[in-house]
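Provided herewith is a single structure, encoded as structure tokens, for subsequent inquiry.
Labels run A, B, C and D following the written order; every chain starts at residue 1.
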Amino acid sequence: MAVRVGVLGATGAVGQRLIQLLDPHPDFEIAALTASEDSAGKSYRQAAKWRVEGPIPEDVAETTVSATDPDEVPDDIDLIFSSLPSSVGSEVEPAFCEAGYVMSSNSSNARMADDVPLVIPEVNADHLDLLEVQRDERGWDGAMVKNPNCSTITFVPTLAALAEYGLEKVHVATLQAVSGAGYDGVSSMEIIDNAIPYIGSEEDKLETESRKLLGEFDGAELSHNSVEVAASCNRIPTIDGHLENVWVETAEELSAEGAADAMASYPSLELRSSPDQLIHVFDEPDRPQPRLDRSLGDGMAVAAGGLRESSFGLQYNCLAHNTIRGAAGASVLNGELLLENGYL
Amino acid sequence: MAVRVGVLGATGAVGQRLIQLLDPHPDFEIAALTASEDSAGKSYRQAAKWRVEGPIPEDVAETTVSATDPDEVPDDIDLIFSSLPSSVGSEVEPAFCEAGYVMSSNSSNARMADDVPLVIPEVNADHLDLLEVQRDERGWDGAMVKNPNCSTITFVPTLAALAEYGLEKVHVATLQAVSGAGYDGVSSMEIIDNAIPYIGSEEDKLETESRKLLGEFDGAELSHNSVEVAASCNRIPTIDGHLENVWVETAEELSAEGAADAMASYPSLELRSSPDQLIHVFDEPDRPQPRLDRSLGDGMAVAAGGLRESSFGLQYNCLAHNTIRGAAGASVLNGELLLENGYL
Amino acid sequence: MAVRVGVLGATGAVGQRLIQLLDPHPDFEIAALTASEDSAGKSYRQAAKWRVEGPIPEDVAETTVSATDPDEVPDDIDLIFSSLPSSVGSEVEPAFCEAGYVMSSNSSNARMADDVPLVIPEVNADHLDLLEVQRDERGWDGAMVKNPNCSTITFVPTLAALAEYGLEKVHVATLQAVSGAGYDGVSSMEIIDNAIPYIGSEEDKLETESRKLLGEFDGAELSHNSVEVAASCNRIPTIDGHLENVWVETAEELSAEGAADAMASYPSLELRSSPDQLIHVFDEPDRPQPRLDRSLGDGMAVAAGGLRESSFGLQYNCLAHNTIRGAAGASVLNGELLLENGYL
Amino acid sequence: MAVRVGVLGATGAVGQRLIQLLDPHPDFEIAALTASEDSAGKSYRQAAKWRVEGPIPEDVAETTVSATDPDEVPDDIDLIFSSLPSSVGSEVEPAFCEAGYVMSSNSSNARMADDVPLVIPEVNADHLDLLEVQRDERGWDGAMVKNPNCSTITFVPTLAALAEYGLEKVHVATLQAVSGAGYDGVSSMEIIDNAIPYIGSEEDKLETESRKLLGEFDGAELSHNSVEVAASCNRIPTIDGHLENVWVETAEELSAEGAADAMASYPSLELRSSPDQLIHVFDEPDRPQPRLDRSLGDGMAVAAGGLRESSFGLQYNCLAHNTIRGAAGASVLNGELLLENGYL
């Protein structure tokens, strides 16, 4: 019995990736697609300017797009994926949850709310039960789980692997792909032969979401991790794949070799979209690289490399596919976690 | 009376930039060009695959290239500029100095030698007199001054401007242009839609050259600065202009505003190639950007922006044109300093 | 006595280039800037997202932007430059001309109208007197001259140089830079590691504007040239500079050498912005190239190369800077022609 | 029973693609890898700088590379794939054929020889029997079949589909990816923000190979097609996928619709690597595009689009993946054809 799913914001960049991942998914069946008022009533083929590699799945192409409103979506939808702009999400998502829908959302609104679980399943699946608190507090039949920002997802698994050494300080510089900003987010005139050392609100997301993800949930309350993170974010002319330079200072001494072992042996999960190996650790000092390594584990793995000891502790690089592991795939994975944990 | 200059390694990427800067220079006159044995005897037009914007200067085009050997260069050359590969430079440059030539070199060999001044004129012009020690020790009539690596030059002026606050720790991530590797240094298949988080020996140069440049020369000996630097270097798909993310921890408290003032008011020099303003400080958070800002001050200025206070002290971005301020222009400037200080 | 000029659509990509060219212009003085209603009342600095290399000229930065309406522009403006979107231009430009303003416009509306001169001064300056016909027919005190599309300007000068051989058939494939579409015209996700073999209406412009430009004006009527042109247009990931592959079949036999001579000796004009040499002909088979050659003659020259005889007549490549020679510079040049011919 | 295959030139760009295609191939088993003398004796992992997406197949990684010499390759190899530089190929390939090896080669040497079949299986599989003539004339036990140049393969299938209309004249402009030049073929400084309107010998290959491929083989001799082709070749900053603009003049009248039908219905083959549909015809005028469409049919399909009637007959665009359909995949397909036709 397939789980019937709906996609909010189905025509955008992340929405298209969601469809690409959900269409062949053995457990999920696409049953509703929503977009802005302009697109409502059109076929998905007409409404979406499809720009992902490969054609639109045929059955999806002919689906009629509806407005993003709980009243416009069939009642028998079991799970909603949301990739709305945060300004829209902050208004519409609670309405869906109140109407009884369970939601896995990629939108940035409400990620830091006390009663909203922010989850990377391989890192903090146990935070999911914060949904009980959420339902109590909000009186919802539905529920809302969030995945973090694409640049946050890239480095947090590596930090989680090192957590036992006592994380104290992290410096991180990001080299982010243009797809992270959506189809029209970065104009070609801005970025060809260039780099932009600024992405609005991005540094704050890395600094705060990482502490929440690495925090402890005692069944009632979530306490954030005490690690201090300082981020510096850059946009560069790559299509997909966020690369990050990380420096970590830990309470206990940490060798490059120990860190490599901790990362390589960090466990993955048995969820359908989890990669066999969560963190690939490269010996070659010039890896990972976005174009060569973003598709590891079908885009769901994280890659690390260049592990070395610096004046200030451990230093390394990491990489993840920002629209798969960092966005659409992250939401699908949270959907799978909701299914496995009986929330659907 | 023009100073007669020679250029060693005149056909390479930095060599071509040197010619572009020296040809119209009011004080210097190109009187000798050298390259590898293969090129000796050819006209410069034949020997160099000219790839800088604009045509080869006509008089230079017809100059005959000679081998890189002191015996092949006229005696009446007053000043030698060198942009040789370091493996060649380490063999050939001392031979020129021993033969009596005064040299301003961009090659990385011998930069860290105790008796070789490593100079950015606006930062540590006083180190030039280390040449007296050098001549004593080596018994040279000639002399050798070096400019630092392109990625080092980009951030050291900003650190120099903050030095009065007591530099303690610096983290720096670089986003470096492909021209820094020379014409054939980075293949297009390696870098289009990609980034490479590794540049051989580059991190070490940033970490050690910066301490030497910021050190103190007491007339006899040079002591390096005690600041600790940890660098992470990346190659990205830009043509020219190295962008760097910097975090600085200082002994005294340093506000973003104080830092901006210190940088903007850091003095330039009256040398011909010095920019009117050494460090341009942008208010716009998304500047500097390589394509838009690398040509400030005809490529000889440094740009800074994004000054903000992070968890760990000051954070900012800086930028310089790597083949002008970071290489050819740096050597020309050191040549001008040699001239002004009576070494020619 | 400087000519007082206004710029319609001053905040866009071409508008910014216009300002960059007009600010230091010895004959013109910027006296009015217009943009959309949203920008009216703001300083130019606030209204324009300045993205051209180098800073905004200081005096321009503080100029107050007005709405694009003849009533909002001072009466003592001698010459209007227009770089409006064609949908706006088709409504607003005639209103300015009716109100008595003389206009040099880059907008595509009305380019093919029978009584509107479409002019590249070095090619068909004599068409300018079509303005007499225009004033008669429209009852305007003002007047409107247009420059052609950027991709048209690139190859028409080379065709004009060959016209004496009897142009019969032309095939042209274009490789066009992203700046031709304006700042937000091409998203980075569309074009990085890609090419797009389609630019809306562009092929038609090359095919029809070229015939008008190469036509004959007998003082009363303009007859179009009979050459048949088939164009194929592509967008590629370059910032500036349109490169074109051209095949020409002529009535008289035409050797590659003869064509090179005809192009190299094709006369330029004495107007301020005309380059010393209009068409640079390269011997090197791999030139011209956009990044290396777009700035020839300060961006106002055309470059040609790769001249060779194919199965079907002459074959060659040509190049021009699309936002300078192909747009802003083209309009300025037409303004200079209007001045010289006593229309101001 | 798997066919045992060897790869000559296994460490280069095409060699790596060959390994990527051959490793999982159900009929072929990699049994020998050769490279230059420098690499002989090393493991493939050490010898090759692996730059294709995904890791080196494990068993291949540990294979010892031998020198490219018939004496160094096991006798029981059934089929040799060659992707040698043509200068090496012209010396070494005949030695292998003389020693009895059957070879499918991508190298450009000998492609136009009268007794060497140049084959695209879906287009001219019947030319393969020219091997009988070859063996007779050369006294070889082995045999040598060639696939054409990558840019030739891109447009010839579309011409073959239109051949019944009587091909007369073809103009073709190519926009070629950097991978076509091999890993170090195009430096990043040459191509970022640029295009190069010249690729050595490429135009001649398009013009002559196409006539041979579209020719008739009567069992004894091969006559070339009489179509005249004029090509203009450009390198642009894309990684993979050659895009081409084509104009075709035919003896019989040809509508855009008729051409689309002819292309879409052009038959593929039942060989393992043949795509289900050989030519995909897009309705969208802005397709095909390299990044979006190069992977159609696992990189073995050809895409066409923009079909329209111009002043001079039919005009359209086409695209193929240059290192798969245009090189490694083309060789594998010819290997499959050799197998099916009993040459192994």
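As a working rule, a contact is a pair of C-beta atoms (placed from the backbone, for glycine too) under 8 Å apart; a residue touches a chain by one contact, two chains touch by 3 or more.
Quick caveat, the model's predicted, so the values are computed rather than measured.
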item	value
Selected pair, greater C-beta contact count between A-C and C-D	C-D
Reference interface A-B: repeating pair among B-D, C-D or B-C with over half of contacts shared	C-D
Length of the line joining the C-alpha centres of chain C and chain D, rounded to whole Å	42
Intercentroid distance (Cα basis), chain C paired with chain A, Å	46
Residues within chain D bordering two or more other chains	51, 192-193, 237-239, 291-292
Of all residues in chain D, those that touch chain B in their complex	13, 51, 178-179, 183-193, 237-239
Residues of chain D that touch chain A when the two form their complex	51, 53-54, 192-193, 239, 291-292, 295
Touching residues (chain side chain B, partner chain A) in the complex	169, 171, 173, 175, 192-198, 207, 228-230, 232, 234, 236-239, 243, 245, 247, 285-292, 305-306, 310-312, 315, 317
